[in-house]
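Step one of this worksheet: look at the structure below.
Note that the chains take the letters A, B, C and D in the order they are written out, and that residue 1 is the start of every chain.
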Amino acid sequence: MNVSLILIILLVGAFATYIAGDKLASKVALFFGIAALGCSVVLLNHFNLGENISFLSQWINQPHVSFSLNADGLSMAMVLLTAALTPIIIFTSFGTEHKNAKAFYALILFMSFAMVGTFLAADGLLYYIFWELSLIPIYFIALIWGNGDAEERKKAVVKFFIYTLAGSLFMLVAFIYLYQKAGSFLIEDLYKLNLSATEQLWIFLAFFLAYAIKIPIIPFHTWQANVYQKAPAVGTMLLSGIMLKMGLYSVIRWQLPIAPLAAKEYMNIFIALGIAGVIYGSIVALRQKDLKKLLAYSSLAHVGLIAAGTYTLTIDGLRGAVLQMIAHGFVVVGLFFVSEIIYRRYATGTIAEMGGIRTQSPKFASMFMILVLASVALPTTFNFVGEFTVLYSLSQINVWFAILGGTTIILGAYYMLKMYQQVMLGETNTKAFADVSLNEGLALVLIIALLFFFGLYPKPITDLITPSLENIIKVINRA
Amino acid sequence: MDTSLTLLLLLAPFIGFLFNVFFGKSIGKSASGILGTLTVATSFATSVYFFMQISQTHQAIQIQLFDWIQISNFKVDFGFLLDQLSILWLLFVTGIGSLIHLYSISYMHDDENMHKFFAYLNLFIFFMITLVIGSNLLVLFIGWEGVGLCSYLLIGFWHKNQDFNDAAKKAFIMNRIGDLGLLIGIFIIGSMFSTLDYATLKTAITGTTNLNITWISIAAFALFIGACGKSAQIPLYTWLPDAMAGPTPVSALIHAATMVTAGIFMITRLNYLFDLAPDVQNIIAIVGAVTSLVAATIALVQTDIKKVLAYSTVSQLGLMFLALGLGAYEVAVFHVITHAFFKACLFLGSGSVIHALHGEQDMRKMGGLKKVMGITFFTFLISSLAISGIPPFSGFFSKDEILMVAFEHNKVLWIIASLASLMTAFYMFRLLYLTFFNEFRGTAEQKSHLHESPSLITFPLIVLAILATIGGLISLPTNSWLNEYLAPLFAKASHEAHHFGTTEYALMAVAVLGGLIGIGIAYAKYIKQNIVPEEDSQITGFAKVLYNKYYVDEIYDAIFVQSINSLSKFFNQYVETTLSSLVFGLGKVTNELGFQGKKIQNGSIGRYLFAFVLGICAIITYLFLAQ
Amino acid sequence: MNNILNEIGIENYIFLSTILFSIGVFGVLYRRNAIIVFMSIEIMLNAVNLLFVAFSTYHQDAQGQIFVFFSMAVAAAEVAVGLAILVSIFRNLGSIDINKLKNLKG
Amino acid sequence: MSTILIIFCVLAAVTLATAFLAIFSRNPIHSALWLVICFFSIAGHYLLLNSQFLAIVHIIVYSGAIMILFLFTIMLMNLNKENEVHKPRITRLGAVVSFCLICVVLIAVFINSKPIVGEYISTGEDYQSIKVLGKVLLNEYMVPFEFASILLLVAMIGTVLLSKKEKTEK
């Protein structure tokens, strides 16, 4: 039994969903999503027992490319995140009608497939293929099923597509160069390379461009807010919940260990960039008029902090970053789902048109509040664990980094509470607002429960990721 | 046994919270209130048990539940520490908490969301207990943020009013500024000592000699900022008066008796750390003294009954910080306790008044309530005497000790503190006279409804008034039970008992005299001359500055809030668009290049031929001539 | 038998054919009339042929001349086809001005 | 200066001059005629180099076949009027510059390659009589020779097809 099974399930699921037809599509997709989750849990069990669940097979002879899937703790954690979020995301979409549902759900599973592949791939070219593959479904999801004016949407989505694709091409160039040097795309061969400082710098920058656009780190973030706003809720969740993490994961897995000298040399610059993202994103979020855009900028702020954590090159920074990635994945999916719930009832994303919802739907208000609190990293939520660890690692580098990065605690509270106040509180709204339905409530409760469970007891995840992160630190310090 | 009891202590209010959240609406208002009260009372009973136990054994109880956060050089576990300090805090948190729960059953009975109110109150008690009994700084931080959250929820309890929501938001954000400071302090401590656990930390700090004092000072300062946020000291005090937007029991519980003392708790907890940073201690003392004076001056002219009490709280907290800064931790703790009694009593009394007047909070529209609200008046009087430092009430002892410590260390601080106490006496009696004496100034309709509050409200008042009277007994000047009880906590030998000489008696006399002068002025002004404060528009001169709280809110707004907002506007309007157009610009350049390139491919054979010839020339030159 | 190149020198042939070739190029660029352009191409071909023959003599080898035969055959074919195309263009457009033949652009 | 050199110079002058004239003549018929003279002079060069057969073939193919073809075409199109519009001045200037450039480049290549010109040895061996040429052509270059014939055939068919009037044309 090995990890390729998850990929197979998801791919087969995508086809099965397409064949199942519009009526059954959502249920079939949910079934395969849960199957993938179950499979990954079983695999996790095998992994924890010390079995080898990696998969390696020769694929192309010339150039030397292998179909290599390597599952270590880090990959498993990310796969689990994807596998857990996919069914939740599919489940959240149950309240909304989608035209041509079979294609829609098939694309979701296909995207999940590509992202799991990205997290597992241990061969540079294979990784690159999965990386680009994940872009295709989200492009169609955002373009076809998105909200708002079609022309505007097209502009935003095409910008996103070309922008990320262009960034990734630099990564491909870097991989080709590395292949010239190492004679293989396999990650362990790339780890063994001893490149000169200049080479490392160029490779680092090439990777950085690809990841900075995907994550996004300022100033490469301009695609984000518009796409988040225009994409359907499911697309936004996939993008913010999992796809952003692809970039962050790749920083840890590929960028830092392959070009450690450059990473060490210019560490401060990249940490500063991440922290600038924190402050900038938070401040920009303050004046957003659209709920989804506001959440997009809050996402920018959070991933900025995560990125800063990864570039500290310390075990705390990496661990905190991974924890925060997972936590942020859940919270952001929850928050975008909340915005979708409001959208279903009011058919608008404009904050000014909301307000006074709390009296009408107390359950929804409470769950929204909890998600807001989790997003501002209240202790006992999972986000706090991650944020604390990341900020701690930053304080080890320089206390000012921690102070500036820590402004997220203040500014985050400011914009989130301001948003909550404007959306939920105040005089009772004249428009009716039905409280959450069973399906909606279930999805939200699931997310909240996970956040609190891991907030109080993050040990399982910490234990899972720590050995592999320590290995990566070892690789980084090899020179 | 200890573990399960601790969990009972901790989780009882939490269960009350969960129950009230999920079933509160269906079981009815009274039931949900009684349930809420009972859970807190359970905690109180457990606390009493622990108190008895520790009085005999003098042994702190340590409990480890499970690992929580893993950091490279240390791990933080979910553990609890029940020692003298935490049990003392538990006693009055849960004790006063139970009383206030009881009070709220009656007070909040007309509110449709009463079950929610009790849920939040229970949650608050839960977090406060977590804060107090946590065995390390991070568990303290859970409680620290948690009480801030409950404070937010309760201030904004009437969430239809956006002003209240603003106040709630402000409280949360200002607290978070402090929280950042606390976190930074935690980071520094963590990296210096590789532990956040109090016990290990104490051995690490007291056991080592060559510590890096600079970093310890920075850590202490950062922690102090955290304390400033939570305990409403300059410059982070402005949220507390606004927090009076919440229901009055909340003001009594959270914003007077318990949560705002968390900063003092934390500093007392880490006294060994602060002892090593004398510079920071000086800052604390100065900030405390200045806060007490500034808040007292503002309180002089306020007309909202709760605002007066709020500024009075800030002022008293300032006095406690003064004591902390002077290293007299047990004195600060003493004042925390007596203050909790009389201030809770005052707030609840004001709540009783407001309840009787159906929500009226302006003292200019009160008066003459002595006749109808006898019990409220009497308890209020006792508490006012206590806060003014008149013997033999509790406030006299605690305040006197602070003044004495201040006199020993620095005469200027003593003068400031004495001035603040004098003002305290004045504004408290101003409040008392305006509210309870003379004739009623409200509407006739209000007058007809005037009544003494029901026994559920008066009972807590009586209990608290008794405590406010006798609370001073726990630390008499010559024979202090409290000092002995707390002695194991402090690194330094406990503050030596004052051997009473003439100086001490003179100081005492001065303090009492000051209190009496304040009362006298108030009497002269508001009873003899029967002055009623002017309407808002008629206030002029310095009084206007005071009435507007030195315009601090406006200044903060202009400096911080507005600048962040305009920065946000700038980012949104210019930076975002610039960055966006840069990306689009890249696309446009490519597009333009394409268009230009298209012109080369214009189909004219003549030009192709030219290009052809020139190309051949170039190739030949490159191949044969360019060696 | 005395070699003719002793008298003239291979360089002169090279220069001659180079200049002749350049004249051909010049003609192609200079004129708009497609027929003249064709003629210029013939001049270029002849310049090359001349050089072939000169080197054939220089190396005392027949292969150079053989190549000239082939080149002539190709030139003949090219002219035949080319002129046929020109005729058909002329029939369609009424002109053989190469500046008017701009249908090649995208 | 030997007689042969003088003959060469005269022939070269004629070749270049007529080539120029062929290009500069405004009337295409004049161009064609100048070109015929040019080809004759090139045939003269061949004779000078002692390749009589080639010279004959050259005259037959070029002056006889190709130039006649040109003249026919010109007459077919009725182009003997001097109606050609000059190219723009800048283009003509460009043409002149290109001419000079390619001239200079080619000559520079030649000079730059520093050729070692040895003694011209005449082995006396026969290498360019019809007999020898025929043997080489039909032994060594048998296949290309056949291909050349196919090429000519194809060219012929193509020409016929191209110059036929299309029936679909209006």
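Everything below uses one rule, namely that contacts are C-beta pairs under 8 Å (C-beta built on N, C-alpha and C of every residue); 3 or more make two chains touch, one makes a residue touch a chain.
Because the structure is a prediction, the values reported are computed rather than measured.
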Handout entry: Chain groups still in contact once chain B is set aside, others held in place
Key = A | C, D
Handout entry: Chain occupying the most central position, where position means C-alpha average
Key = A
Fill in the blank from the handout: When centres are defined as mean Cα positions, the distance from chain C to chain D in whole Å is 5
Problem - Geometric centre distance via CA averages, chain D-chain B, whole Å - result: 104
Practice task
Give, as an integer number of Å, the spacing between the C-alpha centres of chain B and chain A.
Solution key: 37
Exercise for the section: Could you tell me the distance, in whole angstrom, between the mean C-alpha positions of chain A and chain D? Expected result: 72
Exercise for the section: Would you give the residues of chain D that are in contact with at least 2 other chains, written as numbers and ranges? Expected result: 87, 91, 94, 98, 102, 106
Problem - Overlap residues in chain B, where contacts from two or more other chains coincide - result: 606, 610, 613
Practice task
List, in ascending order, every residue of chain A touching at least 2 other chains.
Solution key: none
Handout entry: Overall pattern in which the protein chains touch one another (line/ring/star/complete/other)
Key = other
Exercise for the section: Could you run through all the chain pairs that touch each other? Expected result: A-B, B-C, B-D, C-D
Exercise for the section: Would you tell me which residues of chain C are touching chain D in their complex? Expected result: 1-12, 14-16, 18-27, 29-33, 35-36, 38-40, 42-43, 46, 49-50, 53-54, 56-58, 60-63, 65-66, 68-70, 72-81, 83-88, 90-91, 96-97, 99
Handout entry: Of all residues in chain C, those that touch chain B in their complex
Key = 25, 28-29, 32, 98-99, 101-106
Problem - Interfacial residue positions of chain A with respect to chain B in the complex - result: 159, 162-163, 218-219, 221-223, 280, 283-284, 286-288, 314-316, 319, 356, 358-359, 366, 373, 378-380, 385, 388-389, 391-392, 395-396, 399, 402-403, 406-407, 409-411, 413-414, 417-418, 421, 424-428, 456-459, 462, 466
Exercise for the section: Please name which positions on chain D make contact with chain B in the complex. Expected result: 87, 91, 94, 98, 101-102, 105-106, 108-109, 112-113
Exercise for the section: Please name which positions on chain B make contact with chain A in the complex. Expected result: 21, 66-72, 78, 138, 141-142, 145-146, 149, 152, 156, 159-160, 162, 165-166, 169, 172-173, 176-177, 179-180, 183-184, 187-188, 190-191, 218, 564-565, 567-569, 571-572, 575-576, 579-580, 582-584, 587
